[in-house]
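In the two complexes that follow, subunit A is the common piece, with subunit B as its partner first and subunit C second.
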Partner chain A sequence: MRYYVSLIILFIMLSAVHAPVHCVAAEPEQASTDAVSSQAVLPVQTGDAPAKSPTQPTDVVSDEYDEEEDFDYEDEPFAEERVTIADPIEPFNRAMHRVNDRMYFWLLKPVAQGYKTVVPEPARISVKNFFSNMGYPARFLSCLLQSDFSGAAVETGRFTINTLWGIGGLMDPAAGKSLDLQKQDTDLGQTLGVYGVGHGLYIVWPFFGPSSPRDSVSIVGNQLLYPLSYFYPWYVSPGVLGFEAINATSLRIGEYESLIGAAIDPYVAMRNAYIQYRMKAVNARKAKSLLLKNPEASNTVVDTSRTEK
Partner chain B sequence: MKKRFIVFSLLIIFILSVPAYAGTPTVAVDKTVKRVLDVLRDPKLKSPAAKEIKKEKLRVIYKDMFDEMEFSRRTLTRNWKKFTPDQRKEFVNLFEQVLERAYLDKILDYSNEKIIFYKEDTLTDNQVEVQSKIVTASKEIPIFYRMILKDGTWKVYDVVVENVSLVQNYRTQFNEILADGTPEQLLQTLRKKVKAQ
Partner chain C sequence: MLILAMNPVAVAGGLFGPPQTISQEAGGLNTAIGYRYHEDTYRNHADYVLRQNQLYSQVAYGASNRWEIYGRIGLSDLQISDAFRSTDVSTTTSKDHFEENWKFFGTLGAKGFYPINNIFGVGAFLQGSYTFGKFTDETTGRHNTTPFTADLEVKNLWDVNFGIGFQATVPFGIKLYGGPYVYYAEADTRFSDNIPGRPFGTQKTLLRNKSAAGGYLGADIPLAKGFRLNIEGQYTGRFSVGSAITYTY
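This part shows the complex of A and B:
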């Protein structure tokens, strides 16, 4: 008798345990059939009782829309990501945004598309690797300044291996499975961010795009630390820069379009995407830093973002 | 005998409960992604004429996977209260169309890139972030799905692409419009957007 009781209990518990899985599998189908059936039933009902039928389904639906809850998501687990940036020079920025937009659609994209049809993808990836390898000094210095010594070591290892065995940086054997030395995605603007320097204000530079005084440091610093900018004669380096931009664009055609296409106000969408992206990057670097890592790391970031308002 | 039976039954419960609890949100996303891929890879739907059928099928999957209400509310936050129920309904509907038009063609462009689910972050009892990435020859795109448990189903309420949260991105845009505009003006902008797309 007891066995039967325990068996029944076991059965109940098993079904309880399995409920979530079962629901996931069954619910969508149920939901879709419900939707279909209510749609299918509607016209039939309208024939019988035209006054009653439209109100019935809408009542059920509008319940959800009528709710007068206070939707304050400040206490959410993701609340710390609420980021804003001051934008006192918005008219200028909007103008520059338009200039960059035109430049992309009228110049950069057509050229990159032509380049894409001529040069196969593996070659373009190699070109990208080469330029990325040349960015080593800036990344190495940033890692050091952030007291991320393992990152600095990884960067040095990558540079040595890729330059020697990767045909001057065209290949990326260091990131392969056996070595697994991944590129340290960092720059000087992030370094300042790790130190606690805020964005200040939003600036859109022609050609370089969304930035801030803090992040402009990386635009300047990266140029100074970029071996290719010391080429002689002087006009070579803008040419190199342009080629790099075309090559990079050829690998990402469609990304800018989809961001702009989905946006209600493309300028605001870009600004917010930029600020979210940079903040995550700075937080990720902060977590890697030896000296600047503290348990309140995420709190201090919230504070700086608040003061930016 | 009795003891053994109890131990045995406990063991069964533990074994069976582990996958059910640990895997549910990821399993839900993974299942949905597989359904999407099945539609995209369906040899019967390869011809360009079948594009509309594909879109229709994807729309059904989207409805199962996303919690549009939660998504819309989160983008409007406190502004939600300024909307009348009818305006809310129109807003949810228009917003859905904007997203559909912007992203559906992107999904149809899919060409066998690898999709990897690698992590699941539990935030609260009913909120989870499922982390995945799309791997192409030249880059990796991290895509995180934020999910909420409602009535026993995990539904997506925010998508974070390359560290940019869609909900927050739209929230700033809507906030800007509603700061000195009325809900009707926002709806008008959305209507225009849908027409232009």
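This part shows the complex of A and C:
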């Protein structure tokens, strides 16, 4: 009898050990294939079981794995939403990542460190505030296009107050305790995201860094809507933008180093960080959109009106 | 936003403001945007009325409810009445008044305050302004039958003001203030051509303020969320009136 009980316990233990080994091996492969073939960002809800495809064969083995996967995910009820992005031009992207990395360590960081030594932090924050204030047209338009009218009003209030009482935008009284008008962190790429446009594929642009076709629209659009892009002669604008980059870098030296320092593959870490950040930003903007945050609610309204007629 | 411009009669680089700083007691910034209609009489052989509309932005630092230093940058136009009018009957000009649009001006100032009790206090200020660039305007006309065109140039327009202020803080935190002040103001003028009967010649002509002293009266009213409204009138033989909205950090 003891022999049989021991055998059953051993069998259960072996089963428990066996299951995770299979999931870890199988799941990434499938995710990777999906990502590349669909050429789009694929949100993966780790808290939910993957949906079964109707074309998939329903054999006993796959059913068993599904159950095991369900069991595993239930252990992580608060796991964050994960997304992946297609990266078909990875060699190019890696090369550009390397270029940007070298540019950061060899040029931008040393210059920013020198600048940081000379210019005190309050002054650098004021400069950052000024450039941020100049980004009002893009943020305002993005809010309008996202039907976030409250955000557009807040942005307009911020711009007015900071320009007039913030010494041309050098100070940010609008974000103070009494007024509490916080900056709407949005751009045209997020606007497209709110409308359901996917990233497409991952692109690393030289100088501009991680992006996608969708967010590249943001790079172009935001520059077109940036008043400081229209200085004459032509070389003034790049000079101003370069100064803005140096100033911004001086305020966050160490962040990039921390990210890549903790990563096995800095390129992948950067890509993941970028895509997660953008996904969260788009979701946050969707929540603020009057028309787009709940399409089902909109349909209900339409149906109701039809019924009334 | 409402910028109040009262009766259009009135003086130099912005309001004087209440003698007591509105900055936090521990020390801090306050900023303002303001408008002022300035009017004053300048003299060189004859009297000329100068009128200016001034729009400015101010940043100030004050502490202890006692002292404040401030700077302003703004834009101002200029009108000089009868600058082109000829006293020679054989000379006619296309217009009488000199008018030029916006030029930058800067102002620096400092003020100190001594509270007598919770309501009353006395203070003093020193404020100077300088207009950058030069104002120019052109006129055409005829001297006898000969047509002419001439430019009038006005530059180095500056002033300095020193005054004493008395302040009373009334309910709702409203500060009423006023006092006497002395000032000096001047401007260089030069015509591009000599035309008989016109007041300015091709040589540099210095215009100076006709009056040397004046008085000012104002109110500083708390609004909401750190904003305040400042309204002030000044008199130096002619009236100037202005208003500013300030924000305390």
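One rule holds for everything that comes next: the second predicted complex is superposed on the first by the 215 of 309 C-alpha atoms of A that agree within 3 Å, B and C clash if a C-alpha of one lies under 4 Å from a C-alpha of the other, contacts with A are read in each partner's own complex, and residues count from 1 in each chain.
Just so it is clear, contacts are C-beta pairs under 8 Å (C-beta built on N, C-alpha and C of every residue); 3 or more make two chains touch, one makes a residue touch a chain.
These figures come from a predicted structure and were not determined experimentally.
Undergrad: For A:272, select first, second, both or neither according to whether it touches subunit B, subunit C, the two together, or no partner.
TA: So A:272 only meets subunit B here.
Undergrad: Have a look at where A:168 lands relative to subunit B and subunit C in the superposition and call it first, second, both or neither.
TA: The second partner, subunit C, only.
Undergrad: Of the two partner chains, subunit B (first) and subunit C (second), which one does A:160 touch, if any: first, second, both, or neither?
TA: second
Undergrad: See if subunit A has more residues touched by subunit B or by subunit C, and give me that chain.
TA: B
Undergrad: Taking the superposition on A as described, I'd like to know which of subunit B and subunit C A:118 touches: first, second, both or neither.
TA: In the superposition, A:118 contacts neither subunit B nor subunit C.
Undergrad: For A:261 in the superposed arrangement: first (subunit B), second (subunit C), both or neither?
TA: first
Undergrad: Following superposition on chain A, which residues of subunit A contact subunit B and also contact subunit C?
TA: none
Undergrad: State the interface residues of subunit C toward subunit A in the complex, per the touch definition above.
TA: Per the stated touch rule, the residues are 1, 29, 31-33, 57, 59, 225-226, 245-247, 249.
Undergrad: Note which residues of subunit B are touching subunit A in the complex, please.
TA: 2, 5-6, 9, 12-13, 16-17, 19-21, 24, 27-28, 31, 60, 63-64, 69, 73-74, 76-78, 80-81, 85, 88-89, 92, 98-99, 101-103, 106, 109, 123-124, 127, 137-139, 146, 151-154, 158, 162-165, 168-170, 172-174, 176-177, 189-190, 193, 197
Undergrad: Show which residues of subunit A lie in contact with subunit B when the two form their complex.
TA: It comes out as residues 2-3, 6, 10, 13-14, 17-21, 23-24, 27-28, 31-32, 35, 61-62, 64-66, 68, 70-73, 77-78, 81-84, 121-122, 124-125, 128, 251-252, 254, 258, 261-265, 268-269, 271-273, 276-277, 280-281.
Undergrad: Show me the residue ranges of subunit A that touch subunit C in the complex, using the header's touch definition.
TA: Subunit A residues touching subunit C: 160-161, 164-168, 171, 173, 176, 178-179.
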